[in-house]
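Quick one: the structure is below, questions incoming.
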Amino acid sequence: MPIETLLQAVKDGSMDIATAKEILSRAPYEELGFAKLDTHREIRTGFAEVVYCQNKADDFLVQIFLKLYKAHGEVMGTRCSQTQFELLQPHLPDLIYDPVSRIAKIMKPKEGEGLIAVCTAGTADIAVAEECAQTAEFFGQKVERFYDMGVSGLHRLLSKVDRLQKANCVVAIAGMEGALASVIGGLVANPVIAVPTSVGYGANFHGLSALLTMLNSCSNGVATVNIDNGFGAGFLASQINRLVTRKE
Amino acid sequence: MPIETLLQAVKDGSMDIATAKEILSRAPYEELGFAKLDTHREIRTGFAEVVYCQNKADDFLVQIFLKLYKAHGEVMGTRCSQTQFELLQPHLPDLIYDPVSRIAKIMKPKEGEGLIAVCTAGTADIAVAEECAQTAEFFGQKVERFYDMGVSGLHRLLSKVDRLQKANCVVAIAGMEGALASVIGGLVANPVIAVPTSVGYGANFHGLSALLTMLNSCSNGVATVNIDNGFGAGFLASQINRLVTRKE
Amino acid sequence: MPIETLLQAVKDGSMDIATAKEILSRAPYEELGFAKLDTHREIRTGFAEVVYCQNKADDFLVQIFLKLYKAHGEVMGTRCSQTQFELLQPHLPDLIYDPVSRIAKIMKPKEGEGLIAVCTAGTADIAVAEECAQTAEFFGQKVERFYDMGVSGLHRLLSKVDRLQKANCVVAIAGMEGALASVIGGLVANPVIAVPTSVGYGANFHGLSALLTMLNSCSNGVATVNIDNGFGAGFLASQINRLVTRKE
Amino acid sequence: MPIETLLQAVKDGSMDIATAKEILSRAPYEELGFAKLDTHREIRTGFAEVVYCQNKADDFLVQIFLKLYKAHGEVMGTRCSQTQFELLQPHLPDLIYDPVSRIAKIMKPKEGEGLIAVCTAGTADIAVAEECAQTAEFFGQKVERFYDMGVSGLHRLLSKVDRLQKANCVVAIAGMEGALASVIGGLVANPVIAVPTSVGYGANFHGLSALLTMLNSCSNGVATVNIDNGFGAGFLASQINRLVTRKE
Amino acid sequence: MPIETLLQAVKDGSMDIATAKEILSRAPYEELGFAKLDTHREIRTGFAEVVYCQNKADDFLVQIFLKLYKAHGEVMGTRCSQTQFELLQPHLPDLIYDPVSRIAKIMKPKEGEGLIAVCTAGTADIAVAEECAQTAEFFGQKVERFYDMGVSGLHRLLSKVDRLQKANCVVAIAGMEGALASVIGGLVANPVIAVPTSVGYGANFHGLSALLTMLNSCSNGVATVNIDNGFGAGFLASQINRLVTRKE
Amino acid sequence: MPIETLLQAVKDGSMDIATAKEILSRAPYEELGFAKLDTHREIRTGFAEVVYCQNKADDFLVQIFLKLYKAHGEVMGTRCSQTQFELLQPHLPDLIYDPVSRIAKIMKPKEGEGLIAVCTAGTADIAVAEECAQTAEFFGQKVERFYDMGVSGLHRLLSKVDRLQKANCVVAIAGMEGALASVIGGLVANPVIAVPTSVGYGANFHGLSALLTMLNSCSNGVATVNIDNGFGAGFLASQINRLVTRKE
Amino acid sequence: MPIETLLQAVKDGSMDIATAKEILSRAPYEELGFAKLDTHREIRTGFAEVVYCQNKADDFLVQIFLKLYKAHGEVMGTRCSQTQFELLQPHLPDLIYDPVSRIAKIMKPKEGEGLIAVCTAGTADIAVAEECAQTAEFFGQKVERFYDMGVSGLHRLLSKVDRLQKANCVVAIAGMEGALASVIGGLVANPVIAVPTSVGYGANFHGLSALLTMLNSCSNGVATVNIDNGFGAGFLASQINRLVTRKE
Amino acid sequence: MPIETLLQAVKDGSMDIATAKEILSRAPYEELGFAKLDTHREIRTGFAEVVYCQNKADDFLVQIFLKLYKAHGEVMGTRCSQTQFELLQPHLPDLIYDPVSRIAKIMKPKEGEGLIAVCTAGTADIAVAEECAQTAEFFGQKVERFYDMGVSGLHRLLSKVDRLQKANCVVAIAGMEGALASVIGGLVANPVIAVPTSVGYGANFHGLSALLTMLNSCSNGVATVNIDNGFGAGFLASQINRLVTRKE
């Protein structure tokens, strides 16, 4: 209810002051005791909530999957363990599970719009890439995957430049030294979202090396999200891609 | 010259093989000895080159300002010291200097398009914010400034939410604990670019605290650039905003 | 025995010099060989000892629980594993265990005094919050819980401001970017104790991000304890709340 | 104006809807363009604003000192350089300057209430300690100073324990290894605020060593603020002390 | 064979040049292929070799225990797991194992000389302390143990000062904030060896906090060894104590 | 096909333009969907691909081993677990496994050329050393091993100097403080490749100490690879040694 | 006055209770307001106080130099700037200054006892070494200097081994990779004090590399002090050397 | 004098035993008191000593330049300030100075042999590159320079691949994210020496970002030296190049 309507109702006498005050202060969330479900989020952001499964208590996980599925007719969870999937599946028989991305979902058929390119440096980065790509697809975006294009064999990347340049947003996912983001950033005109991964060992310090590489990129138009944060990159890429598709 | 045209010319005999080979391998840059001017950049990215003045030798700085001004009828340099401005000005009498952002520029009049919101947590972050805002304006974007909206006095930010929600992209610039990015990220639907600044002391470790805050944001749709990198944020915001304005 | 009394007794001859010297140098603790139980602590601080169970050898754990229960008719242990609880329970049949906070306790009924507000940013922070809240309750304070108020959905927090402002001390518990402490710090007049948690991944570096955020808070009146240190926050909040309740 | 009054006025017709809406959304701050003065702060926190002078532009510094002096009849600035003081003094002839704490102030005479103990480990920590002590005094608290009580000569500290135990709050300020906070924390019953300083060299890493020491204190009831943050400690100590004095 | 003797033999003709050259270049170690046993060590340092068991392959572990036992009639291994002990025991039936210090040894009866004081801040530091104390005892030194003397209950430490002052060397072992070393350093006249332990959590960063504390000690006469390095401290303390006992 | 040949064929009409364009853009790799096998690598570098087994999915691991074995009649994988070996062996009955270096391989008999010296400080570094040595041997180089030459018993190293000086390249592998590389660097005239290992504990910070030691070596001619990167050192040593053997 | 004497005096009536109580609580230091001079230190440690000049206020510096000179007939200050020396000299005409070690002193003639060896890796470490050596000499120890013995030219060190082995304590001072301490530690039987210096650049991180090297030394009998802490090493070496000389 | 000759002379009686012993123990360096000139170095390594000027005392700098010039007829110093050059020049009138590389030298004419390629990512890296290139030239190697080939404009690098592939060793010098080393490593067959530079700001942490990038390179055949260590890279490249040229 917009504030003018409310104030008009007070003026009209169709709503008493106590009620108006209560409505004005009422928080647009659902109090569950252990959590405050932010039911207002989809209105604010345009994207329904996705469940971050890791470390969630079993009871809560089931409750929230059911609640979201009921509200939207679809639901998606990230960082979902095999065990958590097995817990959820009896409640949601249509739930499917992808062990690579660790995503569990029931998803309505959608025709993706626009174009997001999701790239990885190596095969070990695919888990993060799939979390990213499937997130964007869940939000209704069209995604093209370009895997194993690390800069140590540059010709693999160069052969795909034409297609990368067509995307509204490119996601560059890499561990070890993370140079992929800079090289792509120098070749395309649209925004590049860089996702450092924890792939590597020793002086990669669990993803720090790739993170610093991406933050210090000599190419313009590159922004970075947290280490291994495929979901965050997929969300942001969807926001960017939506700026274009909204208008088409 | 597209590759089909070239190959056709070889077939036609209108171009000999040596020439064709030379063209195919010719790099689209200008060799200056000390530098390889990337004259191809504007074609690739749509934005002309901006000069990063810091640590550039005097001679090179003058050469590149003149060359770019001649090519485009306008020119902009970031991180330009007062001394560097005084060096450049005799060569470019129309050059103006802003000591806050440390930007020197000659800029054609432009009507900015779309909308980018540039926000700071405190007044000490304004230097970075102006580097960001003026970069976007130089690239032809419309910018609105929202300064001194730190979360310690939340009502200042809340009073501007309506306007922030209208922007195609919001840039959140903050030092110290850098919480501004997360709070804005929770309130708007379009992408947020977070710029940590080195403002603060002690355990801010020259911007590390704000950087980590922004990388770990609990709000979706937030990506981060390097500490104090106002130019990078302005460039990226322009790319995002352009996705919308291109189509209008 | 006050020093005047002792000196008087020496003067009177009712105490010989050797005894006086021995008393003056006698340490107010109980030597167990492997430990020196600080039986003087409650006198100094007003709060009985709480057992930090982690890594304690089984024998010692049982001994100290029994000794403290016998002395006070109640006892509490933090960071108590399920296994440790099962070890203790045969010795203390009334012992109850909370697997969320990992607290094992026998507690006399108390009417909490004053008011401490314990807040979390997310549901994953509840384990630390319960360690904090139950510690304060064990020390006789009144606690109100405000869970899942992360800044990505600010309306949840704003709807509780009135109640937070009534507390003598607010504990703000958050992982990831830890912005909750700064936002609350800007809204209340009494002290805020910030507890960073290790919740998150990647560039949170096991709680470092939230720790730095809280140390660099732009809000006044915020002090920080160790990562995941719910007990420490509960102890300190109790000391602060007691300053008020002592006088009522 | 309380929300009931406003809604009543709308109902009465004594205020039209547009006005009501405008008031509801009006932010309680003063827009200066470069800054949003948080004039609401004193109402929220009970303490008037103190100016953080470092890096403030000259014009703004003068404006805000004048504005605050006019509003309150007193004014205080921290981290004020000698040069800044000389800039301000012609505008505020009664302004006095303390080069040790780098505080510039005009302060009404006050009778401090309650008791805050401000302690340092060494003489090099006195600059931070004076910033803390004078902040608390400006806010109307009574402060006692205990300087140069480092644990390498423990008898100096032990001789003052009685007086420390009388304070409502003890501030422990130390650089190098920062052990002072733990030792005091074990000796007093009221809260201890620990302030690490950057005093030292080498592996102190600009205050990191003392910071980590204080965060890991084995004593209960110790909370930590940023490195060299004397003002923050003074503010928080004032909040804690006020909990007692308010009631007397 | 001293070099003069060798040269004399060459001159005498009792040794030919090839032999002399071979002796001069012969290394005083035993080549095992996978290892070069430094049989020269005891001659150089005066202390027999102690086996660092961790990560040693099973075969090698057995070989070296047998070889050293045969040579000296006693043998000691540190960081020996229960499993390793069970592997060794059939070969060395007199071997005894202490699960606290993780030391396995066969030790000749010795009357310890001089005095080394081994102190801990808490009970969790006892594992490191026993590694230290038993190492020194194996090398023939007299050790007195002072456990659980953390600075949060300072009277426990103060009651032992007289005895600490009698030691030729004091080892101060502490985790968390590690303040024990500085406090002891201020109370005794002989060298203090500080051993940081990894005891603690969160911002202790696996022992970094105690390590930095000890390196930055405000007390003179404190030197630090690696985190959890009880053996190293015991070795060094033995060297220091031996300087005194050698002469008695 | 060289570019001149291709252009000539276009001119001749023996190749049509579409075909020529397709060839020019065709990437020299094999697309497997989940990976882009860089079949071009051996041509570029002269060394066949070695499989990095860690974290590779089972199916992919088998496929690539078979493919490489078929192409070359030999194959080698590093960081291969016992489980992975058992997965591979049924497909490649001649595969042998070395649990120390964790290398699985089928290798043609070769006569190594030139000389690479592979040295370790301790026995715990042998796993990394064998990964290095066997990599070089797989690439056809001659390797001599010098194990357990840590600087704490310098005579062991000094007795081998003559042989180290004969190598075209020396690999110095060490954990803990990593001093071996500097000492060897001061004794030989050819390049030294330093490999820090994660051997040690506490303040070695998982290999950081040895890494920094090697990067800061006071000896000239020392370059460093990633922590525990035996393969990388073996590859680089092979490149250096090949510069000599190619010409013999 | 020993405690028995005092108690006896109370018993005798020769001292009244108030006086006795006052004496018992009187701290053995001199209160200067800004400092508490620890006049008790020499009694506790056997070494007179040395002034750490850095950052001391001018007035205090002069006062303390004069007070110490008057008490002992000699005085020494470390980290004394040229400016501070010029401030002090008019008050103490016999004061001499060494710009390399930055020590200012008036020292009685002494015949050094025992033997301490002070070694450096390079010439840039001499400043720290002289602070160490002159500290030990001021405390009456005999010192021999061995400079520029870095491990990149090992023969320089090897030629001095005989003399190093004669010292009761060896101080090893090195920047860059700091390997000197380990090499010496392997060659001598008495304690080695390692002093990392900030000499170097880049990945030495202001002394961190040498610090970690020394803490992780593979040689036994090595303990480490703070970066550039020549005074601390000199003090500790004096304590160790004194254990021997006291008895002679 | 070889050891056989010496022993033979002893046997012959042409050298007495005392003399022989003295020679055997005589160190091949020149003792200057403050330094031990390693005159043996050229014999060991084949390259004459280069002076590291930074922080060298004036007197010593002059002495060593004169001594080396006299010995070799040429001399080179790195990290030489303008002031130091002006100090040296009166003593060595032929000395020339390059303010970019900060090298001062007198160099005999040489015809460089073999081929080393020295590459930079940007113009700001040229200072380090010239230190590298001129070092190699001083040691008699042939160097080709490839400057400003950063990966943000990849075509600049690709146009030079043919020439890079001809070098015996490629030096890749880059700051910011340092991706250049990985990209080159994927394109050439000979060793790549990576030099991280401190060029950049913010999260480059003075070169740490480029350093980690290079250590974690996904390309084989890349080894890393210290941040900004142009000399070290030039020395190592010369050693590698010499392996080839020695044989021609």
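General observations
Lettered A, B, C, D, E, F, G and H in written order, each chain numbered from 1.
We adopt the following convention: a contact is a pair of C-beta atoms (placed from the backbone, for glycine too) under 8 Å apart; a residue touches a chain by one contact, two chains touch by 3 or more.
Computed from a predicted structure; not experimentally measured.
Here the C-alpha atoms of chain D line up with those of chain G after a rotation of 90°, rounded in steps of 5.
Of the two chain pairs considered here, A-H and C-G, the higher C-beta contact count falls to A-H.
Chain centres here are Cα means. That of chain E falls 26 Å from that of chain G.
For the pair chain A and chain C, the distance between mean C-alpha positions equals 38 Å.
The mean-CA centres of chain A and chain E are about 54 angstrom from one another, to the nearest whole unit.
Residues of chain F in contact with at least two other chains: 152-153, 186-187, 202-204, 208, 211, 215-216, 220, 226.
Pairs of chains meeting the touch criterion: A-B, A-C, A-D, A-F, A-H, B-C, B-D, B-F, B-H, C-D, C-E, C-G, D-E, D-G, E-F, E-G, E-H, F-G, F-H, G-H.
Remark: chain G residues 44-47, 168, 186-191, 193, 211, 215-216, 220-226, 232, 235-236, 239-240, 243-244, 247-248 touch chain E in the complex. By the touch criterion given at the top, residues 121-122, 150-154, 176-179, 182-183, 185-187, 200, 202-205, 208-210, 212-220 of chain C touch chain B in their complex. Interface of chain B with chain H (complex): residues 25-29, 33-36, 38, 40-41, 54-57, 60, 196, 198, 206-208, 211, 226-229. Across the complex, chain A is touched by residues 3-4, 7-8, 10-11, 13, 17, 20-21, 24 of chain D. For chain G in complex with chain H, the touching residues are 123-124, 126, 147-149, 152-153, 155-156, 158-159, 199, 201-204.
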